[in-house]
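These are the structures in question, set out in turn.
Next, two complexes with subunit A in common: one pairs it with subunit B, the other with subunit C.
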Partner chain A sequence: MKKRVLITRKRYIFLGFAMVAAAVGLLFFDGLPDATRLQADQLLLKSMKKGHYINSDQLAETIINGDPSLLLIDLRDSVQYAHYSLPNAMNIPYQKILNKDYVGYFDQDQFKVVLYSNDHLIAEQAWLLLTSKNFSNLYVLEGGLNNFFSTIIQPKEPLATADRNEFERYNTRKAAGYYFGFPMPRTVSSGTSSGISETGGILKGKKRKAITIRKKKKKKVGGC
Partner chain B sequence: MKELKQTNKIFIAGIVFFSLILIGILTMKKPSLPYQMTAEEAIQLIGNKDKMVSINQLSQEGYQLIDIRNQFEYANGHIDNATNVYAADLFEPFSIRFFKQLKKDGKKILLYGKDIHEASDSWMILSQLGFDNIYYLKEGYNGYQLLQAKKSLASLKEPEKPTLDYANFFVEARKKMKNAAIAASAPTTKKKAFTIRKKKKKKVGGC
Partner chain C sequence: MGPLIPHELLSPEWNNVIALIIGIAFGYLMEASGFSSSRKLAGVFYGYDFTVLRVFFTAAVVSMIGILYLSKLGYLNFDDLYIQPTYVDSAIIGGVIMGVGFVAGGFCPGTSLCAAAIGKIDGMVFILGLMLGVVIFSEMFPWLEGIFNAHNLGGVTLEDTLGLSNEWTTAIFAIIAVVAFYGTTILGRYIRNVRY
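Right after this comes the complex of A and B.
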């Protein structure tokens, strides 16, 4: 009887030990490297759909409307960021995106995160890496800051023969450009400025030309 | 006897437990194309200029050119000696076999799309899959077309280079506007002396 009890106790110990060993084994078995990442073919398909691009018009509108869920992230280095960046943008140089201090900004689903750099090459590659880690709600500013400047801050005037919509878009962009700090002619001087008459508000500062009205002389009408 | 029954139950439970773990491990989904790099290691690929090949270097080294645009674009014109593998087909078994063969032969693979952006994603994913012999074309097919037409490549932008001096842009713009305003307002300050000619009265009269 005593012997049997001993064996059963030993069985307990053996089972317990085996389970602990298995648990420790599982701890060290992390499978394949990065098994949790999005698979290569799915990742490429996602990038080819281009659903993650946001163009400068959309971004300008979102910023001006003050969307509280927008989070702008400047991926350039801190020197370039100090020179100029979009309003309220955060600087996370692309080398640091997976640092534990910063990864929390990408690994969330409350903010709409817009990544940008000068062009969209670095932003796109950073997006690809972050998306492969299954982070969502990430967007890329198409064309980057370069394109943002050439469309919003310095928009090209459409041709005189252009569509009416194009003129409207030009006016919207021009107005957005003033929001982003392009100097308004009115604030610079009170002098006249030609070519900016397209935007309604600017006309106020224009000096009026004194027009002298010539009086028409009355023609004497007579005769038969 | 009672104790023996209990131990049997525990023993069976233990066996079930282990077999569950075993089944779990054996049926684990293995990705067909596992990444050979962790995401942290892959950061060094971002903006890596060593893997960008300029179109002028094209003839110097023996690259195997891969055109990743779709077949219609490829049929419309492509770089000489390029093979067409559409980006969506890059991970099909036949293209992976092709890439592996090229790697075995020690050849360099050069991907290109219409511009650098089209090729960059494919390049970055393939590099993470362990193909370290893959490069991508900086100017893309657009650059090749310009070269063929003997035009300069100056119209193509250098990737990630700021087109403007953002630091001084607004200051400059303000200055420029001020100058323009002064220039525009200058002539209007002078009043022109109009000499009004009096019209001579026409004599209107009878017939």
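Right after this comes the complex of A and C.
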């Protein structure tokens, strides 16, 4: 009987020590590297491959084809967005991309998300930030809106000596311009600071309002 | 990865199934610890049995350690855990009522169900009282609502109020627990053997 008590006591002493050791161990254990984040070298490789760029022609074609999986995200501020943007684009200013309310638009695999700003620098930074969190299906509009306007809305007519493909591309761009509401010859007003035609408003299309996506928290009830 | 249901790894329909499994395990362990005896439970207040302190303190510290390790190993997103908001007034008033009820009745709500399940009449009476209390509280709620919602601090933790990191809180609690276990063991030697 005495021996049994001794063994029980030893067991409790051991368990008590184990509990304290495990708790104190927490102070020195920083945790494993976050598996949900891409490592720097992988990110650099991915960024250098430039596979995430989509050019204006590809984007115009996707929009015209009405691809339902396309989600356009305008990263500029709301004033610039209100002035003009691409049809059906959603405005998430780049400062807010990691905001809990918006991150759900990036952390998904249903849509092909195209990020753009005036140029592609801000979009590229946003892409880096979001890709480092291992989000996929993200693309950057190469050259941003400026390039989109100079290629699709105001395409330059090729020289007479240019090859046939150049002319074909020019005609396609002209046709795409019609789709976006800019008949040829383009009527570009010099008064607007953005350099967009007076009909530039058409480009705005039907605006998508950003709907807040919140992960539902389950209410818990406790008690003993 | 976790919590499993908010992260959509399991559908919400599993909620009740998981609750049932955990509930059965919880009830089994309470019964195995002797918590279906009101005398044993009340012993912690009268100072002749400290099993309640040991069991609940161990449970709290083990879950603290477990949650932090799971979070550090990447299996659980700590930020997604729901933290019950702290209503200061309700906590104090409710705590007093619960404490008096615990000492007087010899059970807390969970243990009374445990006792009733093994056929103890005091457990069943306690549940009737509990139901009555719930009905009275619900009927009086429009009058009590002001007190109920007063001083809501939100889902605060010790990290927010004392500035202590979760790791330090856990380590301190673990040490307090072991000291309390040892202290109550020593104390037990000087207490007259109460038969119950």
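The criterion applied here is as follows: the second predicted complex is superposed on the first by the 147 of 224 C-alpha atoms of A that agree within 3 Å, B and C clash if a C-alpha of one lies under 4 Å from a C-alpha of the other, contacts with A are read in each partner's own complex, and residues count from 1 in each chain.
Just so we're on the same page, contacts are C-beta pairs under 8 Å (C-beta built on N, C-alpha and C of every residue); 3 or more make two chains touch, one makes a residue touch a chain.
In this text, all values refer to a predicted model and were calculated from it rather than measured experimentally.
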item: A:Met19 touches, of subunit B and subunit C: first, second, both or neither?; value: both
item: Contacts of A:Pro183 with subunit B and subunit C, given as first, second, both or neither; value: first
item: Touched partner set for A:Ile122, first subunit B, second subunit C, both or neither; value: first
item: First (subunit B), second (subunit C), both or neither touched by A:Gly51; value: neither
item: Of subunit B and subunit C, the chain that contacts the larger number of subunit A residues; value: B
item: Which superposed partner A:Leu27 touches (first subunit B, second subunit C, both, neither); value: second
item: Which of subunit B and subunit C A:Gln39 touches, first, second, both or neither; value: first
item: Touched partner set for A:Gly66, first subunit B, second subunit C, both or neither; value: neither
item: Which superposed partner A:Gly104 touches (first subunit B, second subunit C, both, neither); value: neither
item: Doubly contacted residues of subunit A, that is, touched by subunit B and again by subunit C; value: 12, 19, 22, 26, 29, 31-32, 34-35, 217, 219-220, 222-224
item: Touching residues (chain side subunit C, partner subunit A) in the complex; value: 3, 5-6, 12, 15, 56, 58, 61-62, 64-65, 68-69, 71-74, 80, 82, 84, 108-111, 167-168, 170-171, 173-175, 177-178, 181-182
item: Subunit A contact footprint on subunit B (complex, rising order); value: 3-4, 7, 10-11, 14, 17-18, 21, 25, 28, 30-40, 42-43, 45-47, 87-88, 90-91, 116-117, 120-122, 124-125, 128-129, 157, 159-164, 166-167, 169-170, 173-174, 177-178, 180-182, 184-185, 188, 194, 196, 199, 201-202, 204-207
item: Residue ranges of subunit A in contact with subunit B within the complex; value: 4-5, 8, 11-12, 15, 18-19, 22, 26, 29, 31-35, 37, 39-41, 43-45, 47-48, 80, 83-84, 94-95, 97-98, 117-122, 124-126, 128-129, 132-133, 145-146, 149-150, 153, 181-183, 185, 188-189, 191-194, 207, 209, 212, 214, 217, 219-224
item: Complex contacts: residues of subunit A adjacent to subunit C; value: 12, 16, 19-20, 22-24, 26-27, 29-32, 34-36, 215-220, 222-224
